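You will see two complexes here that share subunit A, one where it goes with subunit B and one where it goes with subunit C.
Showing the complex of A and B:
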């Protein structure tokens, strides 16, 4: 009897998660999949086929955007790691107690503001009549106003800024668990800063690095606001294409196909990343 | 011993913001010595060791290895290696990579590294474990890998920071002997810090007893045990019965004292400098006290008392008796003789006990107490 009861409790507790997964993730995807494999042959006439996917591969603009989104996201992930690692190392290893909490909180504080507002903040800074442009003119470095927005660098800045926290948090957690005496032992045995970083710190932090990278990569790949607002109409972000298929063109079939392609891409890249770093998903996410 | 000392400290001090951890410590360790620094926790011994390793900079004083000052040498260039308290083996590498770490940093050829790693692993008694991971080793094996990792670099001095602390008692006893053997095998100078006196006494050629940042005494285990120079050493090294007493008469080194409870004692002025009327701390080793059922047996002894057995702390060869002195009610601790004669002693028995004045070492009590 007790086992039946505990089973009931288990399923009751599990039900919110199952409901969430079923209604918000699985059902829409199944629906989207059926939409994506239906071709429009006439008014309200559909045939099943992979025509929508063929459209993607036959139109260079689409797969160029697709590839561009992928490598920009990878670049943003690496840049975030490059900037986030020293920050995380400083927080985890070189500070203690109150300072540590304060610094950690300072990483978190920007996220109290919505992403839209933060992105507008960047626009205020970077636009032609913005703070940076005016400042450069004021100190006499440039003659006329400069437009910093609507280029790849602006997109990259926005992406790195948006995802920094998601890199720093897992890194701080793993670096925190690195025993200081290991680093000291490394020095004691004749290692220098570089070899210790390469042979001791990075191998130890690898699960954190990988889980941070996965999260940041997925966030960047699926980001819509930042590339559109900071990159302008030339941003060529794949999510932008999906949006326009659904909303502007009313072409849900092609939009759904794009959605699935993006899902496939992110899964593939994460899989390759895990293989390259010799980590497993359970190991990196289970921490 | 006329050759150059492997390690020498000259008036080494270390102050932190509000207190001085190490005060003017000077000592030198000849080559091939097993040198221990023994002290209670918080006495500054870890700070001292970390200064030798280079992780902390001394506030003043000089530190010499093979007669060369190493104050300006960073820890990764110093010819010393350290075995950390929790060993600090690198869990991300296998054993061979751990042991070879230092050699790789020096840019030694890959083949040569393999060869030397295997040799040193053989010397510590772990041949052929190179490909195993750290977690597959037992506590004692990890210990030996940690030592091998240091010894493969052939350091002038090996520092050990209480490496036996984490082991269980049986293994600790075993590793004491093992460490001593390894030290003899490599013939390297070991500087070993510990708070466990038996580790220090068993293994060391020389022991320094440290308290509140200063060296109280440096000597061999025997010297520290039989001729402690300060009250702290007398109380810290080995067990002792302790009395607070006042000097009533003095004749050369021989003293007459009386305790607060009015017991008269004959003692020896251990380091000189005690005068009539001084307050003294008196130490008597439990094994220096003779017990007997007959008063006649202790008649000739300088100090003679009788007492009732309060409890018997049976511990095989190290069994002890706790007695309550009949004359003053003071508790006294006596090692039970192993001759079998007293095997049938029970609680409540009355026995006579006594000891010689030579075994009663007296020191000037701290002014404060």
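Showing the complex of A and C:
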């Protein structure tokens, strides 16, 4: 009797999750998969086959774009980690009480406005007649206006800024759980700052680093607005390709195939990353 | 007494009749085509409600394709996006011309649009707003730009912008002395034209500051002086001209590209009565003039240009002397499948270093 009741409770609690997964994730993907394996042979005529996937591998443009998107995302992830780690360490270890809450909140505040607004903010700062360019001219560092927008560095800035929070939060959580006495013990045993970072702090923070990296990498790879708006004419990004296949080319078949390739290839990159860092997904996500 | 009863009964009957007939018109259109003032007048006059969604050509087709022609009751794609999209996706339904007051339309435009959107003897669209795209140039700083290909000149390097979309391909093809519209029916000939345009656009890429996407984006770039010559719509140029007399729309030497945005019914639209009422309402000359003042473009309404203010008329006449009007290249219907060829070219141009 009790077991029946608890079973019922279990399924009732599970049902929102199942409903979510089925209706919003699995069903659309099944539909998209069927679209992706139908090749267009004429007006309103379709055949089943993997031709759309072949297009990706036969046209260097598409996999070059994917490779570019992937390595830019990886670079953005590393940059975010490099900037985010000291920030997280400072918040978790060197501050207490209200200061800690305030600093944490300050990391959060930019995310109260939408991504579009934040990106436009960067455009106002970086454009040729924008704030940074005018300031540099004002203090006499440069003679003419400088264009900071429409290049890879601008995309990188936008990506790192957009995903900073998602790196800092898991890092703060794992660093918080590190007992200060371990660091003191390290100093007592004659370690210096570098060895303690390498031997104690990083190994302890590894699950946080890995989960932060996975989230940031996925967000960058799937980002659409930032690369398109900040990148200008060189803004080749894989999600942009998918968008244009769906919307401007009316080619849903190829767009769906690209969507699946993005899903598969990004999962592969995360898998390789986990293997290289010798972490397992359960350990990383379970913390 | 009896009279009073009849009156109130009649009034109630009339009220319930309007209530039964009142529909919600879900209109998918461009920015500026359904000004607030026009909607209020229409709602007061007919009792129908109007819900406006703003979009562009590609999104309109994509949205209707996603719902198999549902979700909207009246849409306004350009006339070249009717026949091909209908053949491919079946998202429109034929118009009942007897419900449209055709005497409100400029005859030549009505006939042209009917011909362009005819399939199996059925008409799928009637014209509403027309305009052109060509060049918007800061005449003081980029006086040398007279045609699309002049955007690749060395003296405007780094200060040029255009869209990475099909009008750019078409415009460059005309400026390079080819006729892409004549090759619409012949995929191989069209590919030949596209190959040449592709080479030119890749060569020209170094000149481009950025490829613009939205109307506001290019207006900002031109207003700030970051871009001094661009491919853009005539209205954008005229709006900028009102703020800065140096900037104006220039009809390119090889011809401005003319488009006509139409009225079409989605295949699963539910409020056809309201849709026809809206068409007949906005084509009245005085309403058409209100829309022209808002959108900046002229309409296919007979006498609709009379109520338009003189400043806009003057700008139109500066940009379009008679020979430039005669030289406008009107978009013919895009055959199904052409977008795939163009898409590949645009992707390669985007990827070129």
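Please note the rule applied: the second predicted complex is superposed on the first by the 286 of 287 C-alpha atoms of A that agree within 3 Å, B and C clash if a C-alpha of one lies under 4 Å from a C-alpha of the other, contacts with A are read in each partner's own complex, and residues count from 1 in each chain.
Just so it is clear, a contact is a pair of C-beta atoms (placed from the backbone, for glycine too) under 8 Å apart; a residue touches a chain by one contact, two chains touch by 3 or more.
Everything numeric here is computed off the predicted structure, so don't read it as measured data.
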Fit-or-clash call for subunit B and subunit C when the two complexes are aligned on subunit A: fit
Partner chain(s) touched by A:43 [first = subunit B, second = subunit C, both, neither]: second
Touching partner for A:117 - first (subunit B), second (subunit C), both, neither: neither
Which superposed partner A:186 touches (first subunit B, second subunit C, both, neither): first
Partner chain(s) touched by A:13 [first = subunit B, second = subunit C, both, neither]: neither
Residue contacts on subunit A - larger count, subunit B or subunit C: C
Subunit B versus subunit C as contact partner of A:204, first or second or both or neither: first
First, second, both or neither for A:139, with subunit B first and subunit C second: neither
Contacts of A:236 with subunit B and subunit C, given as first, second, both or neither: second
Contacts of A:246 with subunit B and subunit C, given as first, second, both or neither: second
After fitting on chain A: smallest Cα gap, subunit B-subunit C, Å: 47
Subunit A contact footprint on subunit B (complex, rising order): 53-55, 74-77, 80-82, 84-86, 88, 90-93, 101-102, 104-106, 149-150, 153
Complex interface listing, subunit A residues touching subunit B: 179, 181-182, 184-192, 195, 199-200, 203-204
Residue ranges of subunit A touching subunit C (in the complex, touch as defined): 43-44, 61-62, 64-65, 127-129, 147, 149-150, 228, 232-233, 236, 241, 244-252
Residue ranges of subunit C touching subunit A (in the complex, touch as defined): 58-59, 61-62, 65, 85, 87-90, 165, 205, 208-211, 213, 224-226, 336-337, 339-340, 343, 346-348, 350-351
